[in-house]
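Listed after this line are the structures, all set down as structure tokens.
Note that chain A is present in both complexes that follow, paired respectively with chain B and with chain C.
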Partner chain A sequence: MSQSTASRTVAGRSTTPPGGGPRRRKHPLLGKNPFGLLLSAPYLIFVLAVFAYPLVFAFWMSFHDYFFAAPGAAVDRPFVGLDNFREVLADPAIIRSFGNVGVFLLINVPLTVILSLMLATALNKAVRFRTFLRVAYYVPYVTASVAVVGVWIFLFSGNGLVNQILGPLAPDPAWLINEDWAMPTIAIFVTWKGLGFFILLYLAALQNVSEELYEAASTDGAGRIRSFFSVTVPGVRPATVLVLLLSTVTGANLFTEPYLLTGGGGPNGASSSPVLMMYQRGIEQGSPDTAAAIGVILVIGVLILAFIQRKLAGGDES
Partner chain B sequence: MHSNGMAKRILTVTAASATVALALSACASGGTTGDAATNRGPITIWYSNNETEIAWGKQMVEAWNAENPDEKVKAQEIPAGKSSEEVIGAAITAGNAPCLVFNTAPVAVPQFEKQGGLVDLSSFEDGAAYIEARSGDTAEQYQGADAKYFQMPWKSNPVMIFYNKDMFTAAGLDAENPQLATYDEFLATSRTLVESGAAPNAIYPAPTSQFFQSWFDFYPLYAAETGGTQLIEDGEATFNDEDGAKVAEFWKTLYAEGLAGKEQYQGDSFADGQAAMSIVGPWAVSVYKDAVNWGAVPVPTSEGTPAEETYTFSDAKNVGMFTACENQATAWDVLKFATSEDQDGQLLELTGQMPLREDLPTVYPEYFAANPAYEQFGDQASRMVEVPNVSSSVAAWQAFRDAYTKSVITGEGEIPAALDSAAEKIKTLISKP
Partner chain C sequence: MSRGQNILRGVVLTVGALVFLFPFYYMVIGSLQKEPDPTVAGAFPNPANLTLDNYGDINSRINLLQGLLNSGIFTGGVILFTVVFGVLVGYALAQLQWRGRGVTFALALLVQVVPFQLLMIPLYVMIARDYGLADNYLGMILPFAINSTAVIIFRQYFLQIPKDLFDAARIDGAGELRILRRIALPLVRPALLTVVLLTFIGPWNEFLWPFLITKEASLQPLAVSLANYLSNIAATAANPFGAVLAGACVLAAPAVILFLLFQRHFVSNNIGSGVKG
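Then we have the complex of A and B:
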């Protein structure tokens, strides 16, 4: 039933004025609840100022010869069409950074979904040390990357703990200066660091999976593994879609780790990311127009990925 | 239809939000007035956040304020950020840059100038004359297009090879007369240091990809090898020649033989005993004083250039005056006061860094007599090379660094081809307006 129909039949009474046809309802400029608009205005302004305006501005910048200038400085910012995009797409270093982040997402996203679901399920069942374990997984998430990066450099350096354990199996050159291993190492680092947050999401979702479903599955002869795949996994599907989307979006924005862990996207650009390239071009080198073009391509790429994920993971059902 | 009402509401809210946003941006806008160049009054300055420069800055401001109660200087450390250059760039864009920044990196000056953020110091009546009288021929390296000065050459940290005397002795080397003048000597000494177990690495410049790292490995040696050539001169890259290849091959050998660390080191490898040598400037004298038994020699060249003829990289920091300053006449006077002979002497005394002043050792003979550790830096300060003052300077250095890390540190490909490729890329970059 449409709202207009409902409004005409409230409490079974006709709202049509006697002796006349249906009167067109007037809508005040600020709607039926102007106070609600007032309450939501601060957040709306926040969204417009912090997200919408920069996004639109970045899109505009990407089509102009733009650089940051002092207020009042006379500068020419001509429309350049697709020039910035052509420059970006012709730069092997930038193309490589997109490939790198693709590798990163291929490792990080599935690993995040699988590990966080498995660990959340285990934590949900654990009776002893439950709180300690939840805190333990969450600590890396709330610890500053700058602090943790130092530990990982120590662990994964040539003489680090990991190589000492691996002995002759250790890669040469070491992990973070090895073109084949630098990005996978970063992906594992980011997975480990963010796991606590995604475990929490799954833990919350697991509380909504009815115990009766597990009992019914058990009655039908399902073991633990069968119950996991037939009850838990479908039961937390909305959370899985959320984890997929969030890990993809945060992963595509990878910056801190290549900036700090591999000293600026090394070795030889093997761990550079599009956002690191945006930082270099836009902030360090004073070319925010090409940086904006990289950003627009990245946003489009992430939107396509998110759309595919929603389709494949059944996000519409959530 | 509801959509019509909804559209009106969205329009109203958007208009209101836009009004707020415009109001906010108007608040943020600053800019100079037409009288700014001749105005006098209070000004704000920023200085570096290291302990010794804070001490210098505070006494300088105190001395100025005591004599100029109507034109007081308010000073603060540069706000925290990933780098000073980013903070200053953001302040220029926001229109709230201070009048003077006593930590302006020469590499960022062309960018700040393009942003319309810097005042041309030559526009002051005695601007160019004052700079050139103080810094002599060195001042030329800090000129922009049309011989304008958008920066005041202030202080340098001419880099040299610091070496750990105890490690040299442990390796059986002569610590008082280290054999480090030629590439062959340097390599032989490095091999002895590492093979003897006296040092894990002979030298450990940061092997990372940031654009500025080449200032502390390739560039000082290139300056020395060429007798003072900048990376870019007359619109062309200079390094893709025999001299550039020699320097790059020297470093490549150090990395290939495991004499220089290829991994990023967290901390100071020289102070931590991870390397027997380091390329640093005189700021390090006070830092290493109690940590390392050190000595210093000029950077090596292929043929072993005499110390008194060896060039190096300046690692200078200058002073910029920003267009957001409303009292530029006062700012210019403060700038001259802060770079006076007396204040330069204070800078030398308090920080150990070399004022960019002509004939430094003869201007402050008492200081160098009392502090012999700084004497060779004072002498070295007369033979320094600055980063080239060109547009897209940072992008050019990044292009060079990318080629260098690949061909020298990782050892992939041939060095001449890598240098040619970087030179071609730099030519394109600096030709952009």
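Then we have the complex of A and C:
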């Protein structure tokens, strides 16, 4: 990590404007090296076309009566105010999908933060088989959801291995077709699948926690658990803010898992997600305006959650 | 630190790792079983119940080779765009001073938290309807074309190169294009493998976007055709689980093998700097 700390210092120095430098270029309007703008142009065009414009388009669509029309056909798409939002909020299936993703986040986010921090702390101190262990934890992350979903269906089916081991404790109906268990099972699947990435983030953050702090804590008589809570946890706080944000954003985007694990959000919509509803309403049923309104509500929800998390986790002082 | 605690930590980490790896082991075993055996004994290989038929079965329903090829074109296209344009932006962000640099860097960070799903409907309207790029490799690649994490990793690498190196070349009279070609590009090689690995995971594993935009089976990446098989027609196979798991092994193998071979390049520092900026 020392390398990147050094490079950050370099970055800090280089961002100071070259005021009164000995060799001023002839294009002060575009900066000292306008060539940089040329090099970045393809990327900037990409960001504008694939992120900025669609983002504006999504908001615009959610306030208009938008429908699919033949390419090139001039059709009237009247402004309808909040009609799309009213339609979304009056639809119990969509409301349920928002509730489901809430349940999902309540399980997935804390589990992700706690498990990845604990495993990263243990991995950081492990000496033997470190490579093997690290690889083992991120193999699920690099594998396609579609591939591992097959195994989970097999493992968690009515007479699957998990139920065979649990015997009489197994829930009935089985996990993925049980209204109470479908969403928690998906949340555990996603936690398992993404944990490796968050472990890597925490491992990087742990390199920044000074060894002296641990020594000081142990001189003051703090045990292992005490020093974990008073040195490690505050030391990796910026990483925790990031893990909270990223796992909330990924969680809110849940689609593939309910689509495949529970056959499209079943049973009875108990595991449907807002993005799954966006797909069904927008593409399958041809109401992209309703889908855009779901998306806007989802993003506002994520922003509120991110704001609350930031307040609770203490923002990034680093 | 006591010996007991070390052993305890080792045990916890090893048990955790086995829990993480077990589904993969089970995927391979399941793909080789003649009859699906969900009992505890079925988790161990039983020579009497082993077969490669499931691979033939899934291949007769979805063309595995075509699927792999489509996934490869989709992933390869994204990697190509990312490497070519990512290097240029990364260099410009780290070593050149131009107006808009701060904004560009902020954008590269910001787009990583924009939920793709909000953009899904407008992008579908634009790419599939307006540009007519449905069932087209370019339409698949476009939304992922330049990976912003890769841009930030390139920037990070270029920041580590002393600025003096470039300034010296400038004083010697080298033009910007020449500096880029002769100094910057040769230096970035170590970052390439990290970027390729990191970029690979996205499109290779992506399901939603190619699923929306490809209806024609011969153009679908393997993740999409396998998912369609899983959700529609799996019930008609002789051993549906075996066939699905065989397909899953084929889909997972390239990513897993790549990361086993090059795991040294997928290290915490790179990824951390990539996301933190």
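Here, the second predicted complex is superposed on the first by the 279 of 318 C-alpha atoms of A that agree within 3 Å, B and C clash if a C-alpha of one lies under 4 Å from a C-alpha of the other, contacts with A are read in each partner's own complex, and residues count from 1 in each chain.
In the analysis below, contacts are C-beta pairs under 8 Å (C-beta built on N, C-alpha and C of every residue); 3 or more make two chains touch, one makes a residue touch a chain.
Please read these numbers as outputs of a predicted model, since none were measured by experiment.
Three-chain overlay on chain A, with chain B and chain C in a clash.
Which of chain B and chain C touches more residues of chain A is settled by the count: it is C.
Contacts of A:299 after superposition: chain C is touched, whereas chain B is not reached.
Contact with neither chain B nor chain C is seen for A:307 once the two complexes are overlaid on the shared chain. Of the two partner chains placed around the shared chain by superposition, chain B is the only one that A:268 touches, whereas chain C remains out of contact. Contacts of A:284 after superposition on the shared chain: chain B is touched, whereas chain C is not. Legend: residue contacts after superposition of the two complexes on their common chain; A:39 is shown touching chain C, with no touch to chain B. By the touch criterion stated above, A:154 is placed in contact with chain B and with chain C alike. Looking at the shared chain after the overlay, A:205 reaches chain C, while chain B stays out of its contact range. Look at A:68: by the touch rule set out above, it reaches both chain B and chain C.
Contact with chain C, but none with chain B, is seen for A:126 once the two complexes are overlaid on the shared chain. It is stretch 130-138 of chain C, out of 76-84, 112-120 or 130-138, that runs into chain B when the two complexes are superposed. Once both structures are placed on chain A, chain A residues 3-4, 29-31, 37, 44, 53, 68, 71, 150, 153-154, 157, 263-264, 283 are touched by chain B and, in the other complex, by chain C. On chain A, the positions that touch chain B within their shared complex are 3-4, 27, 29-31, 37, 41, 44-45, 48-49, 53, 67-75, 93, 150, 153-154, 157-158, 173-174, 176-177, 262-269, 280-281, 283-287. Interface residues of chain B facing chain A in the complex, by the touch rule stated above, are 2, 4-6, 8-9, 12-14, 16-17, 20-21, 24, 29-32, 82, 85-86, 89, 92-95, 97, 111, 114-117, 206-211, 262-264, 266, 323-324, 392, 394-395, 398, 402, 405-406, 409-410, 412.
By the touch criterion stated above, chain C contacts chain A in their complex at residues 1, 5, 9-10, 12-14, 16-18, 20-21, 23-24, 26-27, 30, 36, 38-40, 42-43, 85-86, 88-89, 91-102, 104, 107-108, 111, 113-126, 129-130, 132, 142-143, 145-146, 148, 151, 156, 159-160, 163, 176-177, 180, 201, 204-205, 207-208, 212, 223-224, 226-227, 230-231, 241, 244-245, 247-249, 251-252, 255-256, 258-260, 263, 266-269, 271-273, 275-276.
By the touch criterion given at the top, residues 1, 3-4, 6-8, 10-11, 14-15, 17-18, 29-37, 39-40, 42-44, 46-47, 50-51, 53-55, 57-58, 61, 68, 71, 119, 122-123, 125-126, 128-129, 131-155, 157, 159-161, 164-165, 192, 195-197, 200-201, 203-205, 207, 224, 238-239, 242, 245-246, 249, 252-253, 255-256, 259-260, 263-264, 275, 278-279, 282-283, 288, 291-292, 295-296, 298-299, 302 of chain A touch chain C in their complex.
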